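My questions will all concern the structure given below.
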Amino acid sequence: MVNPIYILILSLVIGFLLTIIDKAGRKLSLFFLYGVLSFNVAVMFIWFYQFAFVGRASLMIHTAGFIAPISINLKLGLLEAFVLLLANLAGLMSAMFLFKKLKETHISGLILYLVLIMGVNGLVMTRDLFNMFVFIEILSISTYALISIDENKRSFSAGFKYMIAGGITSTFFLLGIIFIYYFTGNLNLDTVLGNSSMLAMKTGVFSIFLLIVSIFIELKPFPANGWALDVYQAVNSGITSVIAVVNSAAILFVFYKILPLLPDQYLMVFVGAGIVTFLFSNLIGIKQTDPKRLLGYSSIAQMGLVVAAISYTTKLNISQDLVFIMAGGIFINHFLAKAGLFWITGIIKRSEIKDWGILRNNTPLLLLFGVLLFALAGLPPFPGFWAKWEMAKIFVSNNLYVGLAAVLIGSLFEAFYLFRWFGYAIKNERKEESLKPVDFSQLFPVAVFVLITLLTSVWIMIRVYAFDLINFLPVAAVFGMYLLNFLKAKLKAVLAIIVVILYGYSIYPLETALQSLFGIIFVIGSGIMIITTMNRKGKISGFYGFLLMMILSMGNLIIAKSFLSFFLNWEFMTIAAYLLILRGKKGQVPALTFITFSLAGAYLMLAGFGFMPNVLSSNAIINTIGSIEIPLAAMILLLLGFLIKSASFGLHIWIPGAYAEAEDDVTPFFASIFSKTGIFGLLLVAISFIKHSSEFNPFYWLGWLGAISAIVGAFLATFQEDVKKLMAYSSMSQLGYIIASVSLLSHLGWISALYLTLNHFMFKAMIFVAIAGVIHRTGTRQMYKMGGLIKKMPISYITVLIGIIAVSGVPPLSGFGSKWLLYSSMLEKGWYLQAGVFFFASGVSFLYLYRMIHTIFLGQLKYEHQNVKEAPIYFLIPQVIFIMGIMAISMFPNLIIKPLNSIVGNYFASTIMIDGYNVTSSLGHWNGNMVMMVTMGVFIVPLVFLILFNGRTQKVKQFNIVFAAERPESPQTTHFAHNMFSHYYKALGGLTKPRIQNFWNSVSEWSNAIAGLFRQIYTGNGQTYLLHILLYIVVLYIFLGV
Amino acid sequence: MINRIFILLALLGLILMFLPFLKDFDFHDQLGDLSSQYVEGSINDLNSQNVVTSVVVTYRGLDTLGEVTVLFLATAGIGFLLRTKKRSKKSRKSSELLQTASQFLLVLIILTGIYIFLHGHLTPGGGFQGGVLIATAFLLLILADANVEFNHKVLHLVESFSGTFYVLIGFLGLLLLGMNSFLDPTIIPLGSFGKLLSAGAIPVIYSLVGLKVGSELTTILDKMGGE
Amino acid sequence: MSITTKALYVIISVIVATIYGLALNGVVRKIYARVHGRFGPPVWQPFIDIIKTHGNNVAISHGIMYYLGPVFRLAGGLGTYLFIPVIFGSVVFSNFSLAGDLLLVMYFIFFGQLGMALGAGEGGHPYSPIGIARGLAQMTTFEVPFALSVIALAIQYNTLNITTIVAAQQGSILNWTLFTNPLAVVAAMISLLGMNMHSPFSIVLAPQEIPIGPPIEMNSSFLATLQTNRGLFGAAKLVLFMNLYFGGAAHANIFVALLIMILKTFIIYMFSVFVGAAYPRFRPEQSMRFFLKWPTLIGIASILFVAYF
Amino acid sequence: MIFSLILGFILLIIGLYGMLTQKNLIKIVIGFSIVDTGTHIIIVSIGYLRGKTAPIIDNAVDLANAAKQVVDPIPSALVLTAIVIGLAVTALMLSFIIKLYHKNRSLSISDYQELKW
């Protein structure tokens, strides 16, 4: 084994000699620089391997032939090796990134860089307090100097501020050391730790405080961190990434080393300070438009979170594994992602996130950017996700609710600004200028870090959580499809269908019929819907991968065996959905709204799952949830999370944008399939609730919420001109029905819930597919621009017709069954007023349905649509399949009622009687088959009659109407379409005001205003920053309450 | 104004924080365990008269290496920062007295510096002090003539090799005495207590430190003097 | 019961209802004329109209949906009627009430309206969708008090089965819903005004100034079908109201029972006629808002009344 | 109450006050130097033992009983390092000022605030 002290020796010797070596040419110097840096990595890799996989005990290296505490000693254990491996790797990669710069700059730059990395190694390994000070200074001074690598005024002024701050904090550090020496007579950390009783009095704690707080300030706590932000913004990206990750990692490790000095009861101050930093930095982050400053805020926030995690785990003394996942997870996540992103900012060199559309010119770089951004946002499968999961559990189990809330809100802010950035990169208008070809030396480091991020993620999934391979499928699908990117879209679609079929086959048979029901919707339904996408031409990169990701993760929800697996796939699904929405032409803003709301929901769920016991079972969670009692708080949190997905009233504002702006053949997935995941979630909670009913019944209120969603959704749909928005609000309304019927918690209620679910799945799918075909042909979503298309697209018309009959609940189609079940169950339960609201809502649904079908298909055909053809066959196939499905369950309701009866029979005693086709509830009866027969009878009799009496009618042309004694010629003025229900709008008066939209707008404005207010503290003046630091120390000491 | 109040508040806060320490502070009556061990060890194990030197060079040798590195970094950093600026020729002339004296004093001061670091293990002083003294000699030259040109090659060579040898001596300890012996002075016989050739490698290290500090400070002065 | 017998009964039932409905229309026109001081058409004028329009040779069609519109409309009327038991206890007039309960009837009402709306829409005349838009919008509002009132009934009788509801009202006039739950009846009767589209809620058709609504482009047999339906559908609605709120028609003798039905439905109809003759017409938004205010509150009150008192 | 310690502390506060109130960059660095010096005085004071001599084992010290006669050598060793480090930082700060002055011809800290928020 190589003694790690050789890292110091080699670095120093080469550092000292570089001036002379450089005389022989820069190439040689660079060779030595990279050589030493690679040596560092290699040494640390070997040691890391030894500690982690061979199980070697940690290594103590003393110096000068004396054993500590007489001499200074170094320690290399698993943690040290881990941190140093990363740090050295980042050092090497950053040096590679800086290759061009280092080739040209003064030789001192290389020396400084080399010694900086050496300082990091020393700092992490040393166990002597004063030696830490020395290494911190080595680190700081080399950093100060390297800041000037780009010679501009901004970096000089930032550097000066940095020096002032750094100088003062190290003074305090020094004072802390000497005070501790005064009390203990020793400087060796381990000895001091052993004698900590000597520091138990007030002045002793004060000394420790001085020591820790100065390190803490080096970690940039809010608000004593203005200097760091300026540095992040101004300095060359390669150096910034070193400062942000390598230096921070070393300092953080020092913090971790010395933290145990502080008695446990004081640790909460640092937990609090860390969380405050996380929250506020992310809050201010939402105001940032400069990517580097934005990343700076994010860095600071992440460090705050790591500090909080470290302090808290130190306080609690929990198991090492958890510490590793929680603090280590956040750390490594931040480390890899932040370094990578800083490098990318150095490649792109655009100081406004709005200009980042240029990134699209380079697909590999865009991909790398995406992975890193998603990792930073704490999404699965990246390490930050697992860390937050564990954090939620630990915070909850220790009743640290405020902390958890702050962390989650902060995470949401962070995700918001990161995804806004991502949106600009993906969607913002591309300027004419093209991206210069990216040097391999600059791309390589990013790629390496992305690879490590992915490997770490996989490692955590396999080794720590022991996930089945099936949980990897969603991600594997993305990569698989990326590799097959060269294929034509049709081929990829076929492939996707095959994958879905194989997947379905592999999870079949499911344990229960309830699972099978959702399996039909999520998997089979998706498989059918993929046919629609075969109409696409070209390669369509980045589509099928995400589509498969969404489908497979939805499928995994059904078979998830633990909450974690459920949540993991839930997040996968959200990511995929986000990316699919973002693909839409104007998808930027809707996608951002969607992801913000979805992540808010996810964080609520995360908090909720924090309250849940761990489940170890070989059965799917949906089947075992009945035996688990969900605490009330968790239930409410989870319900809120699921309600966001099912676009319940108040949480619905993402839905019109997301549905409307997603590509037309993707919207059916969202509306008919994706929306059901929220319902699945509600059922999950409800099943537990019915087995352990508590005093307070959240489902009663959920019932009302469903009712309000139904009516408000219907109102909103009525006043839309955009057909997709109309159907989006219609979905909100229909999901309101389902939410309410789930909330009934009764036999009939759940039958109606599942019936509605299945019905909504089919009719929403066919209507949206039909509409996609219409939009495909006409090129517009504004309904009033269409009209008279019945003659051109008869099959689509029939689909929509059957669809709207099924939506509206008019007999004899399946919709009536759902309405009958719904009202019967509501009245049975005693929810009379709610039933009244639903009656109203179902009346209003006629308005928008008629508006849609009339405005598009009836009335006057526009001249520009004279040559429109029927939708392509790929649109028609799914339509026909779903028509057959609707007709089947309409003719033979037993096909569905009987299975549903038996599914729900597992949870409630049956309250209906099924006799032949006659379904009898305690209130009424319904014979679907007979209704169908009678209806066909009464329809056919007049038809035959009419044909007999009036068989030969005269076909007339389009304008053969008498209209105020004239023959109109302009379809636009003759087509009564635009603003069709203006009178209704007037009549409703105050009910139509967009109050919820206004509410969320003001939430957004207030957050921005508050962020704007807080960032005023960063005046840009170095003295103010120093004042912040001093005040911060004083205030923190007051909070310490010694 | 409000800024002033905050400044006063911050300083007042700091004073109040430190006050308990100041109030309770009293000098220790005797050495702590570690210090006593150092004093004993310096006499018995290292044969070094100057305990501070023993501590600096041996017991806390890693600190000293770091310290040298810091100074080295400062030199490199200043070189890096001021890399592009052309040396501006100044026409300021010093008094003849200074010019003459500087020539005369130069050697004397340098010799004194060398004495100080060579005797670092015996008398007060050491590498740093000696090095600083050497640098002052060159400062004198700069003061006397702002346009004085030093031989950078020599400076670099001295700087680089003194540092390198310092590390290599430490490395020799590793090589000869085992993994815990980086910077162990006992690679060279300890000699007899109180003599110049005692304390093992301590005088060698201190001499190298002296050379290094001297050349580095000179470089710094040169660089900054040029601006 | 064999299918043929059932079919026979159904045909009898439908013919009786159609004739009655059309006659009722004639009577109303007569009454309106007399109120206005005119002589008015004969009572059998609707029958003459139907025969005449059927006799027209020229029929134009704008397309299949246009063709099917009247069919839908009549099917809706027929179906609605057929799912209602007309005479309590009568086998001939029980229709297909076994197929479903009150909810089925309420939703089947929409069947014809929707089909007609679509058919008229294909005609391409802008007045039809204007009328439809108004009609649908108004419908959503008057359905609210009606639905609330039906919910109140469901609570009161603990069933949605029309026959059972009628059965519960037998015995004494005081058992009628009119007396046991007057609030529900008030709410329902107000919404009946909207359903019948008489003044003040006649803006949907705007019958005097410019004829608006689905029939505008319908001619010959199509119009005849619509007119037939108007009779039948009107009768069906009245029968429903009679069953729900006024004790239904029950008597051992089927003809007496029919007479009772005619009498009751006539009075119910007269209510809306008289109101229509007495009040001026609302603008669309006025009428919609009207239904969402007092009638709805009354409906809610009726639910609260039966549910909690 | 120990005079030297208090002196060091007073210097620390004065230095900080100077750093916080002076607008001139060079004066700020001077403030920093004062802080540094104060710190060094504090360090040395802590190592002092009443009535003991310097930790150099010459004729003034009894070889056998040396540990009882000398002041603490460790703070002296530490202060040496601290001084050098302080020097290095100060030198670097001054270089920064030189660069800033070259770029902007101003020594007032309020002229270097373009990075903010």
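Note that the chains take the letters A, B, C and D in the order they are written out, and that residue 1 is the start of every chain.
Definition applied: a residue touches a chain if its C-beta (ideal position, glycine included) is under 8 Å from a C-beta of that chain, and two chains touch if they have at least 3 such contacts.
Remember, predicted model here, so these are calculated numbers, not experimental data.
Novice: Counting C-beta pairs in contact, which chain pair has more, B-D or A-B?
Specialist: The comparison resolves to A-B.
Novice: What is the distance in Å between the mean C-alpha positions of subunit B and subunit D?
Specialist: Those two chain centres are 15 Å apart.
Novice: Between subunit B and subunit C, what's the gap in Å when you average each chain's C-alpha atoms?
Specialist: It comes to 107 Å between the two C-alpha centres.
Novice: Go ahead and note the Å separation of the Cα centroids belonging to subunit A and subunit B.
Specialist: Comparing mean C-alpha positions, subunit B is 55 Å from subunit A.
Novice: What is the distance, in whole Å, between the centres of subunit A and subunit C, each centre taken as the mean of its C-alpha atoms?
Specialist: 54
Novice: Which parts of subunit D, given as residue numbers and ranges, touch two or more other chains?
Specialist: Each of 16, 20-21, 74, 78, 81, 85, 88-89, 92, 96, 99 in subunit D touches at least two other chains.
Novice: Please set out, as single numbers or ranges, the residues of subunit B touching at least two other chains.
Specialist: In subunit B, the residues touching two or more other chains are 7, 10-11, 14, 25, 28, 32, 34-35, 38, 60, 63, 66-67, 70, 73-74, 77-78, 81.
Novice: Hey, what residues on subunit A touch two or more of the other chains?
Specialist: 130, 134, 137, 141, 144-145, 148, 151, 179, 182, 187, 1027, 1030 - these are the residues of subunit A that touch more than one other chain.
Novice: State which pairs of chains touch, listing all of them.
Specialist: A-B, A-C, A-D, B-D
Novice: In their shared complex, at which residues does subunit D touch subunit B?
Specialist: For subunit D paired with subunit B, touching residues are 1-2, 5-6, 9, 13, 16-17, 20-21, 48-50, 54-58, 63, 66-68, 70, 72-74, 76-78, 80-81, 83-85, 87-89, 91-92, 94-96, 98-99, 102.
Novice: What part of subunit A is in contact with subunit C in the complex they form?
Specialist: Per the stated touch rule, the residues are 788, 790-791, 797, 801, 805, 808-811, 816, 819-820, 823-824, 827, 830, 832-833, 835-836, 839-840, 843-844, 846-847, 850-851, 853-854, 857-860, 918, 922-927, 930-931, 934-935, 938-939, 941-943, 946, 949-950, 952-956, 958-963, 974-977, 980-981, 983-984, 986-989.
Novice: Please output the residues of subunit C touching subunit A within their complex, sorted ascending.
Specialist: So the residues of subunit C touching subunit A come out as 54, 58-63, 65, 67-68, 70-72, 74-75, 78-79, 82-83, 96, 98-104, 107-108, 110-111, 114, 117-118, 121-127, 129-130, 132-134, 136-137, 139-141, 143-144, 147-148, 151-152, 154-155, 158-161, 217, 220-222, 225, 283-286, 288-289, 292, 299-300, 303, 307.
Novice: Can you list the subunit D residues touching subunit A in their complex?
Specialist: Of all residues in subunit D, those touching subunit A are 12, 16, 19-21, 25, 28, 32, 35-36, 39, 42-43, 46, 74-75, 78, 81-82, 85, 88-89, 92-93, 96-97, 99-100, 103-104, 109-110, 112-117.
Novice: Given the complex with subunit D, which residues does subunit B contribute to the contact?
Specialist: The contact residues of subunit B facing subunit D are 4, 7, 10-11, 14-15, 18, 22-23, 25-32, 34-36, 38-40, 42-43, 49-52, 54-56, 60, 63-64, 66-67, 70-71, 73-74, 77-78, 81-82, 85, 122-124, 126, 128, 194, 213, 220, 223-224, 227.
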